[in-house]
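Multiple structures are listed underneath, in structure tokens.
There are two complexes below, and they share chain A, which is joined by chain B in the first and by chain C in the second.
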Partner chain A sequence: MNLTKLILGLRFFLVILGAFLMIFLFIESKEIEVTIPSLKNYYLNFYYEDTAAKNSVAAIYLNYRVFDTLFEALMLMVSVMEVIHISWGNKHLIQRSILRKEFYKNNQSEVVLHFVGIIFPFLLMIAFYIIINGHNSPGGGFQGGAILATALIARYLIYPNEYLDLNILEKLEKFLFVIILSVPIFFIFMNDFSGNFIFNQIYLVTMNILIGFKVFFGLGVILYRFIFFERLN
Partner chain B sequence: MIEAFILLGVVLFALGTVVSNSLRRSIIYMGGFSLMMILSYLFYRAPDVAFAETTIGLGLTSLLYLVALRRVKIYSICYVDNTIETFSDKNIHEISSIFLNELELFLEKEEEMESQFSYSTRPLAKLLDQPEHDLIIYKEKDTLYLYGNSSDAIFSDIVHFANIIVKNDYEIKAIFKDTEDLYEPN
Partner chain C sequence: MDFISGETVGIILFFIGLFGLMTKKNILKTIMSISILQSGIYLFFIADDLPNNSIPPIGETLEKPVADPVPQALMITAIVIGLGITAIGLTMFIHYKKRYGISFWSRNRSEERSDQ
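Right after this comes the complex of A and B.
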């Protein structure tokens, strides 16, 4: 009994310590930001002329600091590869293809069924809006791709027995990563179109769409892997 | 003023997540925590990050945790032996090879439960007062005593199949903690 109280006290202490750290860091980071404003001022003053993006965040992650985006995409791909090949091996994948039942409605909750049916088209619409309009409004490829993955989960809630080939999704994700690597090489690093407004906008939209689909495939693989194949034993 | 409310909400929901007794409630509190984080991001004028937090933190993570919670159920088993002073790896290996491995397999295959073992040298009467363990196994010479609740369906399954699970010639006696009935499977 004493031990459980001790553990509870320790939990309280850790949470309060974390809260104090968070507040401290908030205050500290504000002061640091004020001391070196030159780079921030450059980004905030010239991003529209340089990159043709109305959203300064998109200008930074797709143009000024596109290296960061490339490595972020690489990180997601590596984690997908880890999830598929190392954590479970390939044994569950074979079992899944045998166990394929027909969908029947009685098993599902009526509320979930109807509400997902209503929400689904809006989910797709907002996802594509966020991806395609990511350079002008808040959002971008990553967020839109994550919403698309949520739509995939919603589809799972309605059709739990539907089969989805994860190998194709994983291959598509790798292929998209190669394209994501090559597009900035031709647009940004060549420096031929740096002042051209229309080319810059085409570049931003293309990159957002590519990143969106890559994140969709990657998160989709991870979620399906966790939700589907863990159930079988 | 709004800033203080939002940050206080973040801390409160975090406390709720950590302290609450039920895991399901913890997940819901974590959703609330994400919501407060989204509000704080919006307050600090970072709508992009707020979007990412909405989809990843509030949507996908909560869903994933709820699904994981539905999959994994843990059955807690405590093995008590008063003749040993401290448990070494050798002791545990010996006990496992006799019947604990079989028990683990049984729980995994038949009941779809994860088993969690703990080993204790404390007196039996003290352990019986605590409700933490679903099954307490106590060995005395050639007799195995199984302690559990009569309302526990998994415990009655284990008692029913005890002769198959335990390979050696142990005598098995099952005692229901709440009704104090004695049951011998042989």
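Right after this comes the complex of A and C.
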């Protein structure tokens, strides 16, 4: 027991030492002035002319650094495929024969039911606003897709036993990933429309909508998979 | 208090997560530690290069001091990847628990129970 306490103390000491060292180095490095013109200056000077997006973050992740977005979409798709296919729990644990109305009359809170019903259209509205207006205002595909996925949580709160066909969602997600791959190939990498304002805006809105729905499907699959399949008993 | 900024809090969060990774033997606590570590990284990158009284980098012409858009665009990617990591880790944990019946890292149960 003494040895384990010693090892624990050593780890604690190492963590404290590392944190102090990092903070010290960080504060020291702040005083060095960088005189090289940075990437930030280039992006901030030219993003509106180059990409026609008022939101420079959207300009970066949809135009300048679109590879990031592509591989990140691939990463999300791989994790969804892992959650569905590598998983060993392939039995649906809730029998759908439970009567829905009786269930939610007995077990659900009335306040939650009514307020979710009131909130639901506004939820969808703000999600689509954030997706479609993401290149001009704070927002974008990822954020809007996450808000759309909260609509699925609201659906689960109201109908806890109604199942959603996850295979269709997964296939739609793969299909959207292929489209997400092909749209920048035809638009950005061809370099034909790079100065055209209207085509740039069409590209931004299209990509935001595609990414938003892809994130929505991915998060929905993960959520419903965890709710219905991955239970311990 | 110039000392307490987003970056220093991010560094401290990162090391709290690292400490959890090193000491906790429950797998769920390990996954939570990874999440804490990741949120420290997000906070560090987002708070980096953020001048005082700066505005968000949104608009046609930017004149005031603005925040750096590059780490923000990188962190959008990192957040979604962190979500994927958490989902994969939880799935693996559930099936490990189903197959072996334990939620610790070690095979020796009697040793682990006292150390929780």
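FYI, the second predicted complex is superposed on the first by the 177 of 233 C-alpha atoms of A that agree within 3 Å, B and C clash if a C-alpha of one lies under 4 Å from a C-alpha of the other, contacts with A are read in each partner's own complex, and residues count from 1 in each chain.
Just so we're on the same page, a residue touches a chain if its C-beta (ideal position, glycine included) is under 8 Å from a C-beta of that chain, and two chains touch if they have at least 3 such contacts.
What you see is a predicted model; the values in this text were computed from it and never measured.
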| item | value |
| --- | --- |
| Touched partner set for A:R11, first chain B, second chain C, both or neither | both |
| First, second, both or neither for A:A149, with chain B first and chain C second | first |
| Which of chain B and chain C A:D68 touches, first, second, both or neither | second |
| Which of chain B and chain C A:P138 touches, first, second, both or neither | both |
| Which of chain B and chain C A:L204 touches, first, second, both or neither | neither |
| Most chain A residues touched (candidates chain B, chain C) | C |
| Touched partner set for A:A52, first chain B, second chain C, both or neither | neither |
| Which superposed partner A:I130 touches (first chain B, second chain C, both, neither) | first |
| Which superposed partner A:A19 touches (first chain B, second chain C, both, neither) | both |
| Chain B and chain C contact sites that coincide on chain A, given as residue numbers | 8, 11-12, 15-16, 18-19, 22-23, 55, 57, 138, 140, 142, 219, 226, 230 |
| Residues of chain A defined as touching chain B within the complex | 8, 11-12, 14-16, 18-19, 22-23, 55, 57, 130, 138-140, 142-143, 146-147, 149-150, 153, 219, 223, 226-227, 230-231, 233 |
| Interface residues, chain B side, partner chain A - complex | 7, 10-11, 14-15, 18-19, 47-48, 50-52, 54-56, 59-60, 63-64, 67-68, 71, 108-109, 112 |
| Residue numbers on chain A that touch chain C, as the complex places them | 4, 8, 11-12, 15-16, 18-19, 22-23, 26-27, 39-40, 43-44, 47-48, 54-57, 59-61, 65, 68-69, 72, 75-76, 78-80, 82-83, 86-89, 136-138, 140, 142, 215, 219, 222, 226, 230, 232 |
| For the chain C and chain A complex, residues of the former touching the latter | 3, 7-8, 11-12, 14-16, 18-19, 22-23, 49, 56-62, 66, 68-70, 72-74, 76-77, 79-81, 83-85, 87-88, 90-91, 94-95, 97-99, 115 |
